[in-house]
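Chains here go by letter, A, B, C and D, matching the order in which they are written, and residues are numbered from 1 within each.
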Amino acid sequence: MIPYDLPRRAVAEALGTGLLVATVVGSGIMAETLTHDTALALLGNTLATGAMLVVLITILGPVSGAHFNPAVSLVFCLNRSLPPRDLPAYLVAQFAGGIAGTVAAHLMFALPVLEIATKLRTGPAQWFSEVVATFGLVAVILAGLRFERRAAPWLVGLFITAAYWFTASTSFANPAVAVARSLTDSFSGIRPADLPGFIVAELLGALIALALMGWLLRPETIERSEPLKAKP
Amino acid sequence: MIPYDLPRRAVAEALGTGLLVATVVGSGIMAETLTHDTALALLGNTLATGAMLVVLITILGPVSGAHFNPAVSLVFCLNRSLPPRDLPAYLVAQFAGGIAGTVAAHLMFALPVLEIATKLRTGPAQWFSEVVATFGLVAVILAGLRFERRAAPWLVGLFITAAYWFTASTSFANPAVAVARSLTDSFSGIRPADLPGFIVAELLGALIALALMGWLLRPETIERSEPLKAKP
Amino acid sequence: MIPYDLPRRAVAEALGTGLLVATVVGSGIMAETLTHDTALALLGNTLATGAMLVVLITILGPVSGAHFNPAVSLVFCLNRSLPPRDLPAYLVAQFAGGIAGTVAAHLMFALPVLEIATKLRTGPAQWFSEVVATFGLVAVILAGLRFERRAAPWLVGLFITAAYWFTASTSFANPAVAVARSLTDSFSGIRPADLPGFIVAELLGALIALALMGWLLRPETIERSEPLKAKP
Amino acid sequence: MIPYDLPRRAVAEALGTGLLVATVVGSGIMAETLTHDTALALLGNTLATGAMLVVLITILGPVSGAHFNPAVSLVFCLNRSLPPRDLPAYLVAQFAGGIAGTVAAHLMFALPVLEIATKLRTGPAQWFSEVVATFGLVAVILAGLRFERRAAPWLVGLFITAAYWFTASTSFANPAVAVARSLTDSFSGIRPADLPGFIVAELLGALIALALMGWLLRPETIERSEPLKAKP
């Protein structure tokens, strides 16, 4: 069931979250350096992030489950896929790995090790965007694991590809990535003051998905079999 | 055969159509906000829509069949894949879910809840485009389910990716999505007055595909075996 | 082995070549209408063509083999995958289907039914590009069918996606598509006078691929087993 | 285990590296010819390279392992996947094939057969980028072969797609490709004087990946079984 020990799983979570954040932040810096067209910059940012998600979830999923996201780890705790005693190690690995990812991106582009983001991202429309984005992400993960486990990395990568464009917030959908992105003053940054609104919205979206998919994915046949048992 | 009850299937159709429309409308608003180049806007719109279709059909297909489209539900009724008594629930879910998707996109981008589209889309070239687009979509679905059921979500996503570019109408190919898009005055909108032409063309394309693929996909061996049965 | 009769296979070849050409020509018209940036136009053209190839080869491959290309049908004749008596029907279907595809694209964009292309594509660099493009295409098909039959549609779609960009000719690699593209005076056109150079180069590239891959894909073990047979 | 003889494997390595370099260099030339927007040029370059990697690794992997990269061949020597006596043939094939790829790209675009690149790529940020890029590439290959062998071509193509954007060096990650790119004075070139820094960084990244993944991918169960063996 869980063939890898906690240190290895925690390293996998840190490595995965780190490479994910390095991709998000690094491709944002590359894109805004190369063009003045913001749609084109978002396209480069999207392509890199979506591709990297497929890769990281495929290669690290068998080790740690490839959450890379405190909202996802929380959901897996609640539906008993992750033992609660492992949750602190996962969360520490995700937040620390995410910040290391920002550092790596900054070093690759010869920027200061860490910065304070000044990009304003707040207000009800942004928060609602994050609810929708994280709802969708968690719904995709829960249904994907149920019906097409091996396609799950693709589903997550494709969902985020779409969500970068159809949500007004470009879909952070991840508290650890949001914190890491508050430490870069570039294309993908977010003001530290705007973090609480984003994180609350993300957790809310995750919980709604857990509740709705819990009902939706329970097949009729289970319900029908209950009266059968009561027959004799 | 149909393990999920009708309420769950209807919710799946509404959720899927809603997220699809939110993606089409939302990514269109995002794109036209970020760039003045219409090709680039269409590229962002295409990428998001194609990616989301793969995701939604994969995760909701096992629940409801993932039609998200009255033309597809009609075809599945005609070829006996969907019981006619379920059709009304599917259609209501698709139209209602689609409109909810426009509302969600507008709320995410801080626009009025609903608008009346002013974008003109009419004339024989547009109608012929919709015939071709829906013909292709239904042909892809019927042949995909026949030969590569598990690849069907990818085939639909890739077909629509191509059809956004090779048809003059950018391939609506879906009456419920068309109605939902008449309620946004943005990149992906369509004047309500232009809906009837689009919907008639879409149904026509779907029926042509049903007829042609019904003949094309019937293998020679079946025909040859008929005289054999008549032999003695 | 060949469960579908020749009429169905010919219709599949015509339908597939037609939709492929409609995609190439239509997306080219759409792209040059929407932007003045030629790289962006080529990007839209590439995305649509690559996506459509994956779809068409997946859904029509089980019927006709999904050649859609006289150079490919010729190679399959030479390596005994296609009975020579079926070749004329395949070629007629491909050339007729291709021209119908140009007509369909023109009708969708309200252009004259057929035009004479004026786009100049000639000279040794263009011809060498077509040799490389068709060599690559046929090599990919032969090795793909050998090692990963079910991935073959993806391999062809991805190879053409790359070849649109890395060859100076944007990789026609298909005599039937080349003829159909000589009848549109738009982004993807080619002067009729330039067709012979392209077609000769394409057939040459296909034959080189057949020869090289015939040697390369024959494993060592087969050669080693020959002396064994000669032992006693 | 190794059904193909060394000549065939060497030809596969040369052919693959050649087509890869022709794609990288050729699509770079095409892109900078068509647009003045560097982000758009990188997008065309990325799309072609990522797509071609998936194709080449799928079709040549069963013949030679599809390294196309001296750093990868070295890693496979160190972890005993490639017999050391085969290494020289692999390296010669990769460097020679790579240079032939530059020649092919130049001939397709009517440029001089070979040029000396003048594009400056040096400094700690560039070198660190190459360490990260090659670390990631080798980690993806090792974990991909371990968990999802058939998806490995996709993982490599997607990783490089992301790495073109998230590293400041656009991710060469390959000494043979780097040398071949020093012979073109176009979009993808690199000054010969900058090669040593890149190659040292690439080998360093590859060795770090070999060490880290060697630890990370060893499951806990193996360690637990060791005391069991020592029991009696």
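Here is the rule we use: contacts are C-beta pairs under 8 Å (C-beta built on N, C-alpha and C of every residue); 3 or more make two chains touch, one makes a residue touch a chain.
Predicted model, so just to flag it, every value in this text is computed and none were measured.
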Given chain A and chain B, the chains that contact each of them
none
Intercentroid distance (Cα basis), chain C paired with chain B, Å
28
How far is the middle of chain A from the middle of chain C, if each middle is the mean of its Cα atoms, in Å?
40
Two or more other chains touching the same residue: where does that happen in chain C?
37, 40, 43
Based on which chains touch which, is the overall arrangement a line, ring, star, complete graph, or other?
ring
Chain D residues within the chain C interface of the complex
3-5, 8, 11-12, 15, 19, 22-27, 30-31, 34-35, 37, 40-41, 43-45, 47-49, 51-52, 54-55, 58-63, 104-105, 107-110, 150
Spell out the part of chain B that touches chain C in their complex, as residue ranges.
37-40, 42-43, 46, 50, 123-125, 128-129, 132, 136, 139-140, 143-144, 147-148, 151, 154-155, 158-159, 161-162, 164-169, 215-217, 219-221, 223
